[in-house]
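Got some structures for you, see below.
Same chain, two partners: chain A is paired with chain B first, then with chain C.
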Partner chain A sequence: MVNQKKNIKGTLISILCILVFMAAVAVLENLNLWVPASSLPKWLKPTSMLFTVLKKGAVYSLIAVSLNLLNGFTGLFSLGHAGFMLLGAYTYAILCTPSSVKDTVYYKYNGSSVNFSMQEFYQSFLGNETLSMILGVVTTMILAGLVAALFAFLIGLPVLRLKSDYLAIATLGFAEIVRALFQWEAPFWGRITNGANMIKGFPKFSDFNIENADGKVVFYMSTLFPFIVAAVCIAVMVLIIKSTYGRAFRAIRDDEIAAEAMGINLAKHKMMSFCTSAFFAGIGGVLYAMYSTTVQAKPFTSALTYELLLIVVIGGIGSVSGSCISSFLFVACSEWWLRFLDKETVIGGFKVPLLRDGFRMVVFSVVIMIIVLFFRKGIMGDKELPEVAGKIKNRIFRNGKKSKGEAEK
Partner chain B sequence: MSTGKNILHVENVTMQIGGVVAVDNLTLDVNEGEIVALIGPNGAGKTTAFNAITGVYEPTNGAIDFLGKRMIENHPQGKMTKIYAGENNGVYKNTIVKTPDKITKLGIARTFQNIRLFKGMTVFENVLIAKHLHQTGNLLSATFRLNNKEEQQMRRETLELLEMQGLAHLKDELATSLPYGQQRRLEIARALATKPKLLLLDEPAAGMNPQETQELTAFIRQLRDEYDQTILVIEHHMDLIMDISDRIYVIDFGKLIATGDPAQIQADPKVIRAYLGGDDDAEN
Partner chain C sequence: MEFIASILMSGISLGGQYALIAIGYTMVYGILRLINFAHGDVFMVAGMVLIYMVASVPWYISIPLAIIATILLGFVIERAAYLPLRSAPRMSVMISAIGVSYLLQNLMTYITAGQPMYYPDIPFLSDTVPVFGTETQWAKLITPVIVIVLIVALTQLINHTKIGMAMRAVSKDFETSRLMGIKINKVISVTFIIGSALAAVGSVLYFTNFSVIVPTSGALPGLRAFVAAVFGGIGSVPGAVVGAFVIGICESIIRGTSFATFSDAFTFALLIIILVVKPTGLFGEKITDKV
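Up next, the complex of A and B:
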């Protein structure tokens, strides 16, 4: 029972950490409301890369954790996450772009066949615009997840009964097919997907800023919003992982034959994990669309899936907090910290060699190769943050005596 | 002791893997409350027989009844119709196959000859996993902890099992960090956690030292005498087998060569020959 108390303490600390972190994000984002912009350092200005990184990092965290649920906790290898994200993003774009905008967006097809939006649907009987938008977006997020999960179910039906390698191949094929399908220029189909053209005009992160009657922002939410959605989704996934089903998933990962001998229906549980993972990837796709402010099939390539896989590997296969930390690090490196490598730099009349457009990607690839080759366990291995923090704490506060954790053993 | 009610009835089961007839026309019965042993030299087909009973393999021919109901039945199919080398061809007409998880749900649990614990899990979780099949919730109710009562019940029962096996103080250790003998006991605890009507043990004493073997012997007997557990056991430790078995089946090259109580088996020349490689007058 000591263990259980420790668990509860760990959970509370984790929740507290996340809340503090989110509060910090909210404060950072709103600093420019309270402090004159001129007195803020460059990296805290509203236009700073910091906020881009935070937003994208939150989006990637959600998707990386959903991928980890499948790869790290169930031992199934999917290469189709970009496809599920695409389905989520398109579901959102199609259902949440206001019908007033649709005529211009779908001009090539003389308008859209989906001549309504979720917000308008809610507004028709609720009246309140803000509330309708929030409800519309949230409903569509869930729908987007369900669409992705439905496709996962259809892929899984034939494939999950086979050896797990087939899932990787099937999902890879699926992602490519879906991407091609959403670039298809057929007239009837284009009236839904807008062919290869982009869809825009749906609510984005900045639409969640709180404004007063004059339309002036009184509280910025555009960075906080993806954090809230990602935190809720990740929390649900953690609950799944810690539930009896999560244990069953891990049992399958560790030893399929033994898991089956313990009465775990392999096909059924793999399907559950796969659909859950796709569900949250679909929601991740919605966030990705909101982050990009436009939706197009082009960016949902397998390269995106590999990027996410890398994040999972770097963070540690089987560690939720690892996936989150690595998402932010990865995004920060690729979007911000390594940017200087792309700029030609002159120091004291001397042109620094190698620094030119594209060099960033070279360095980045090398870093990734080093991690994959030499730090295969990633940042966190399969441990979670409270566990690692506890170990570090014990090491620091040892004071010559054995720490409590070790003394118990 | 035995009430005589049949639990497991293996009938003319043949397991042909490629050209090898690993189990050849095996017929075997286990009655309620019995400890039945399946012995034979290495490679005789004992583990393969277990795999056929637990659904890991589909038998090539034959049938298996569990609790008086037909659980598995099969006959040579496909290319096996041509190369089938066993007996009783054509007797079985139906194809009834079940996946191992269904069979575990019906009430047969097993341990593995080459220990198969869940590597990434603690001792406690390894046993707790086996309670999953009895839970009545679904993914949603489990996620949002609506099944908390059930979960607590599962945890309590798990702890009881670990206490019974003397592993409770190790519950937060990684299962694979335990010494070999304790890993075997843990596997038994895990199998018992599924609440089986029939427990299959595949060489439970392999790798144990004499004292551990003795404790295991006592424990298996306790399972039968106090918990009315019916057990089918494969083992090479003859002391253990002769000590606890009610009945013994001996197989060699997949074929049943003798059956009877320990005294009969010990005196059976065929058994002695099988074990000692044709040396008729060797001592046992």
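Up next, the complex of A and C:
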């Protein structure tokens, strides 16, 4: 009973923390509307790296949590996430690019076979442009997730029977097959996927800024939007993890044979975890497409999956909050904080050796190797933020000789 | 006829080059049960090292030097990245291998400053000869010969020397062979040395066909060679060689048709089919999991 109460308290606190954090993001982004530009520090300007990092971090944290659901909570070591992301991103790009733009984008194939877009579909009977865009994007997001989940189901039928590294390599192969498929230049197929060329023109993060009648932005939403989507999706995943299904997943991870003996249907639960993970990876792919503003099969290589896997490992395999924290750290380090390593620097006439283009990534990968080798538990281990925070609080209170009240409870 | 001959010839030489990489995968897997994701990148580094060597010393010195450098790299990777994780779960070691692959690619991007590197023309290997009415490179012709010689030597080493016997023992049962007094770490190091040396030879033969190398050049050949190893039955050297030739020939046939985009997709589809139908591959031994 006590335990449950504490859980509710912890949940409430974490929800509150997330809301406060998102509010802070919204305020930071809109500061330049309310405060004169000259008084703002450089890192708060709308073009600052800070917002790029926040956007990409939110996108990555959604995908990392979905990968963690599979790798960390179900113990299915899958390397096919780039493939699911690609499916999501392409579904979004094909269904949400306005038909007026499509002719120029698909010029090599004389226009697209999919000559409508979700927004236009909604607008035809709703009329309101903003509302139909939001509805169109949200519907397509869910569709994108479903497409990814459908493919996960199809590939999961044969592949999920495999164990550990065989599963990893089979899913990696699946991702590569999907990527090859989307680079196919056949005329009928190219009219849908635009071959190996990029698709662009679909709504991106900046299209969610609220504008007044003159087209002037009155409220920036471009950073907040990925946060809202990611928060909702991660919340759903947390609920799944906390449910009986989540417990079954963890039982499978810890001991397959014991789990089966306890009456857990292995095939069913593995498939469920695989499809759920793919579903959210598909939505993550949509966000990734919005972030990069163009869609092309090229970046969805196994290197992308490896990056995500390393994020999960750094955060702690089996910790949702760890995955989120490490996504932001990873993106911030690789895109922003370590940038100084890429510039040739001269301090007092002495040229610092080694510093030049690409050195940032070398340092970064050495740090990753150190974490992988010596801090195998990652930032959070398999614990969640409220748990860790509670422990730290206890320790502080104990040091201050105030632990009596805690102990009596 | 000429077309078929040229496709077959390039397929066989490609297969031979994959075989040299695949042996590295299959031996490491046989002993450590580890998919060494960094092996493809070691292969790439071997090519890069040769490029830098040829710039300063003649090719007949730089090729052996590049092979030695690759061996050192393989040895260091094993000692630094896999040895500390010997008692860790298998997945941690695999993640470490992925980390090494990431590190090697970033390191090479840094060293080459992101520029594609021009692969040098090696006298003799890059020269063309007319065969069956088509022009081909000497590298393609002598690849199968080199592969066969190396594999015969390797099987002799595995079957008739003390270290080979130790390798076989370790791959049968890791713990028991340790109890029997086999120095596990030495055996594993030797495995990595052999794998890297073969990959270095393979890289000389493989990259001669290409004009440039970039830091990601090793990833795909590495994966294809890995598929070959799985196809032949991972852990088995003859299996890896047969698998590599099958994959190489299939790849060059597909590249000759209008479905060239799908050559890799075909390779991976083959992988999934093999894993589902016969996970032990053509020559693999059945591994039973103990509870």
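Side notes on the structure shown:
Convention: the second predicted complex is superposed on the first by the 396 of 409 C-alpha atoms of A that agree within 3 Å, B and C clash if a C-alpha of one lies under 4 Å from a C-alpha of the other, contacts with A are read in each partner's own complex, and residues count from 1 in each chain.
We adopt the following convention: a residue touches a chain if its C-beta (ideal position, glycine included) is under 8 Å from a C-beta of that chain, and two chains touch if they have at least 3 such contacts.
This is a predicted model, so every value here is computed, not measured.
Contacts of A:Ser243 after superposition: chain B is touched, whereas chain C is not reached. By the touch criterion stated above, A:Ile257 is placed in contact with chain B and with chain C alike.
Number of chain A residues touched is higher for C, counting chain B against chain C. When the shared chain is aligned, chain B comes close enough to touch A:Leu266, but chain C does not.
After overlaying the two complexes on the shared chain, residue contacts for A:Arg376 are found with chain C alone; chain B is out of touch. Touch criterion met: A:Ala168 reaches chain C, while chain B stays clear of it.
The intersection of chain A residues touching chain B with those touching chain C, taken from the two complexes, comprises 257.
Of all residues in chain A, those touching chain B in their complex are 3, 236, 239-240, 243-245, 247-248, 250-251, 253-255, 257-266, 272, 276, 318, 382.
In the complex of the two chains, the chain A residues touching chain C come out as 77, 155, 158-159, 161-166, 168-170, 172-174, 176-177, 180-181, 183-185, 257, 301-303, 306-307, 309-310, 313, 356-359, 361-362, 364-366, 368-369, 372-374, 376.
The part of chain C that touches chain A in the complex is made up of residues 33, 35, 81, 84-85, 88, 90-92, 94-96, 98-103, 105-107, 109-110, 113-114, 216, 219, 223, 226-227, 230, 261-262, 264-265, 267-269, 271-272, 275-276, 279, 289, 291. Chain B contributes residues 54, 56, 99-102, 104-105, 109-110, 112, 116-121, 124-125, 128-133, 135, 137, 139, 142-145, 147, 151, 154, 171-172, 190, 194 to its touches with chain A in the complex.
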